[in-house]
Amino acid sequence: MLEVRGVSRRFGGLEALVGVDLVAQAGQVVAVIGPNGSGKTTLLNVISGVLTPDAGTVRWEGRDITGWPPHRVAHLGIGRTFQRPRIMETMTVRENIGLGFLFRARGLPVPQAMAMAQEVGEEVGLGDRLDVPAGDLTYIDQKRLELARALAGDPRLLLLDEWLAGLTEGELQVGLELLRRLRAQGKAVVLVEHVMSAVRAIADRVVVLHAGRKILEGEPEEVLKHPEVVATYLGQDTGC
Amino acid sequence: MLRVFGLTVLYRKHRALQDVHLELHPEETVAVIGANGAGKSTLLQAIAGLVRPQPGARIEYEGKSVLGWSPERLARAGVVLVPEGRELFTGMTVYENLLLGAHGVRDRSTVHRRLEWVYTLFPRLRERHGQVAGTLSGGEQQMLAIARGLMARPRLLLLDEPSLGLAPLIVREVFQVLQRIQAEGCAILLAEQNVRMSLRVAQRGYVLETGRVVRHGTAAELERDELVQRAYLGA
Amino acid sequence: MAGSGTWVAVLLDGLILGGVYALIALGLNLQYAVAMILNLAYGELVMLGALLTYTLYTAGRLSPLVSLLAVAVVAGGVSAAAYLAGLRRVFRMDRREAEVAMLLLTFALLFLLQSSALMLWGAELRHYTFWGEPVFLLGHPFSTNRLVAAAGAFLLSGALYGILRWSSLGRVLRGMADNPRAAQLVGVEVERYRLVAFGIGGMLAGASGTLLSMFWSFSPTAGIDVTVRALVVIVLGGIGSVVGSLTAGLLLGVAESVVSAVWDPALRLTVNFAVLTGILLWRPRGLFGWRT
Amino acid sequence: MADVRERGESIAWAAYFLGMLVLLTAPRWGSAYLVGFCVELLSYMALVTAWTMFSGPTRYFSLATAAFFGIGTYVTVYLGGRIPVLACVAVAAALAYLVASVVGLATLRLSGLYFVMFTFGLSEFLRQFVLWFEGRLFRKVGRIVSVPFSDLDLYYALWGITAVLLLSAFLLRRSRLGYALRAIGEDELAAAHAGVNVSRVKIGVFAATASAMAVVGAILAPRWAYVLPDMAFDPTRSFQVVLMAMLGGIRHSYGPLLGTIPLLLLYEWLYARYPYPFMFVLGLLLAVLILYAPGGVSGMMEGILQRAEERRQEAMRIRAEELGHVESGEG
């Protein structure tokens, strides 16, 4: 179980996060939504160890991991994907996925890691392109590859940063199906997302951020109809 | 004033923009709306010369083709981009940021006249003129970014997500200023998530969804259009 | 060694040396902060300036103060040529390749300049006497050339600081150092200004060479020592910070003169390096600013 | 396409190991001059291999080869007579490991820029420090090396360290550590999120390769009758190692060694007669390589091999179509 309490972080004059709380249970998909610049990615950076918060704590499975470096956070079973996919372009797809198996808490020897990559590759739909250099993949496939690398680390919590963005209707359904399978396996998922249809379809709970503050939390239906949320997205007509 | 034909932009083999057509008449404000990741920023960056479009695109500004022009050449020709994330000179004062906005203007009195004009539009910047830009609040930084753009007396202002991370009160102030800017003869192409505010300020609008223009019409038409609602809230 | 008098002398000597170090670091900082090129061959440009001054003085009977400008222009020209010939291409590479390519190109430039200097002037140590007579400052003897060199260094540093602080050219250069993308968006022809900044940096190197040559002995292979000191100064002062370079230059000048007075002049670079290692371990961003 | 690379790589490595066997027997049949050249060749093969093991995959370019080599040299110079040679080598390795760890701690957590700057200054710093140390301790600079270490022992010791380095470079390619280094070179943040302890790997491997360089320095020390700090810490040694690696091409594990032999031949032939013009040519060569052939010789070779492969597959496809056409025609 992930528990984020009162996390704040500023960059010079800008308050990126102010006193944000977030809880994600095993087998639960928590969507984090909010317009651009509301601090969503900063929140993931604090959880995954890229940034140390100015205030507040991050607890995972009962342990305080505030400020831990990314590799130790990864070893606790927390996987991460990024808004712009960060993949090893000169390595093949198999080798990219193999990195997860190699460097997770109980890392596997190289041959075994590369063999295990096959199965995870197929699970995300890259089974037929395992020996292609990752640099040749399209943007969408690179996002899938990143998820596969995270899954190889045997995570119990997944932090996905706009993983469903830019998908066609068909691709979206495949992606949602995959997330449902991961939830069924008992994994917790924190989904930073803009594709509202996906949030509506998969999220168990929705957290709304605006200008670094959590302004609402609740069931998807209830939250997405809430006037204040509609306002932050469609904008208030505060007269002009 | 501005005509864009067949604009396609690839990002890592992914079609960020797909065959976009767009027009802008002098002294007109046009809004480009769409969910995040729909390609709004890419469109503005392509027009401002920061991103290279695929062959076959045509971008005409005041009748001339400006395809392939560098951002600095476009800025000097009056096409000024206020980018997403503002790109201020964070280590320099408000005053210096504004002076740099008028880079290339030799005549000092013109620069000072523009400075006065900008200070009247954004009174708070006059108060903060000696302060280092990085220490301003989010709203003030956004105002400074727009003000710096205006110092070049643009004929076409490209505004990328001005309401980014701003509290509603400040968003209203920013949009009021946009109206006054347009009234003084500057065409504005506004890429914005905040649909209702942008349709309030704009005369016409284009709706982008995963890189394609899915709807185009006057502000009034778009406001009632259920597609716009769906594009945002997946109703 | 004690006695207040001698400490004053050590302090003054340190400030004189520090002034020249600050000037050298300013040129390197200008090239890096604005033209975004960390020039590992910077010391070679300083040596070029020193050697040219030496030849003009010994062969052409031209006093260093007169030849200062000419030498600076030549060094600036060499820098501009190097920039146009190859360094310019670095900006078309993707970011990660560019940083490595930039450093390796200046590393290659180092050996190009050093070997050319060796071919022209040979490897022996050079020295010339110019205004050697002592002048008494606060009761302590200082050779005139040291004072003149320090005065020249402070003058040039002051001039550069003034240009950067108050002139419009300076504002543009500072803008490019602060945010190159923003400079482009306000219409600054970044390509041209990078060349200008790299050229001015080269001129400062040449000028520093002339000033140094007045009281130091030098050879074509002594460039690396100068570059290393300049690197220590800009890291200590915070890369890209003009004030930082000036202050750090003076600090190091004093530290070195204390060490050479108390222990041994040969230990001067050791002090620099010990200070650099300490700073990087303790406060990686340098004292005054940060920009990487 | 991948098999073209595999085949190219295995052929190259096979050639290297064969070459090493030949070099092992060189002292028996080679002339004194040839053995001298082989010693030079072995030492640069070792230095280039050690340098590339760290700088190749991670793109952190160290300019400190000369510094670590110099450390090794001076350990033998000072301790050579007093303790057995193997102990010298061990002390050299340990000292270099320590120095490299401090350099790594100070710079590797920052951008690559600080690292390159620091390593650039390191050999100059050590050169001046030893200059001062010798002046202080022995009143005069320059030491005569008297070590009970025959030329033959030296040759075989050098051959040994080079073989060890080649073998570890070969094994590193497909090893866990090799993948960690490549991942760090591609994207440090992603590597960290995959579980790689980025700082520890960077500092550890940099220090290990640094001690290997010191071992080479320690072994070679007896060859100089008379040692001066300027010779042991000569910055051109760092320059040549980088140039050899870039000429050979650092994108392939077998690349760098390709650059070693041609440059060494050039060095032997030209350096003695016209040292300065030769250095100028080397500087120019490095600049040209970086600008126009970053992939180096191995990069170009692979390009040619790949194009040949494409043409071959193209030809096969056309022939297959003709056959297909003929069959359907008959069917």
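Each chain carries a letter (A, B, C and D) given by its place in the written order, and its residues are counted from 1.
The rule we apply is simple: a contact is a pair of C-beta atoms (placed from the backbone, for glycine too) under 8 Å apart; a residue touches a chain by one contact, two chains touch by 3 or more.
Every value quoted in this text rests on a predicted model; they were computed, and no experiment measured them.
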Does B-C or C-D have more contacting C-beta pairs? C-D
Which chain is most remote from subunit D in terms of Cα centres? B
Approximately how many whole Å separate the CA-defined centres of subunit B and subunit C? 43
Per the C-alpha means, the centres of subunit A and subunit B lie apart by a whole-Å value of 30
Distance between chain centroids, defined by C-alpha means - subunit A, subunit C (Å): 48
Multi-partner residues of subunit B (at least 2 other chains): 90
Sites on subunit D at which at least two other chains make contact: none
Can you list the subunit C residues in contact with two or more other chains? none
Graph shape for the chains shown, where an edge means the two chains touch. Line, ring, star, complete, or other? ring
So, with touch as defined above, which chain pairs make the list? A-B, A-D, B-C, C-D
Of all residues in subunit D, those that touch subunit C in their complex: 59, 61, 63, 102, 105-107, 109-114, 116-118, 120-122, 124-125, 128-129, 131-132, 135-136, 235-236, 239, 242, 246, 275-280, 282-284, 286-287, 290-291, 294
Please output the residues of subunit B touching subunit C within their complex, sorted ascending. 48, 70-72, 75-76, 80-81, 83, 87-92, 96, 99-101, 103-104, 148, 151-152
Touching residues of subunit D toward subunit A in the complex: what are they? 2, 174-176, 179-180, 182-183, 186-187, 189-198, 251
Using the touch definition from the top, list the residues of subunit C that touch subunit D in their complex. 38, 40, 86, 89, 96-97, 99-101, 103-105, 107-112, 114-116, 118-119, 224-225, 227-228, 231-232, 235, 264, 266-267, 269-270, 272-273, 276-277, 280-281, 284, 292
If you look only at subunit B, which of its residues touch subunit A in the complex? 11-14, 35-37, 84, 90, 134-138, 140-141, 161, 163-169, 171-172, 175-176, 179, 193-198, 200-201, 210-211, 229, 232-234
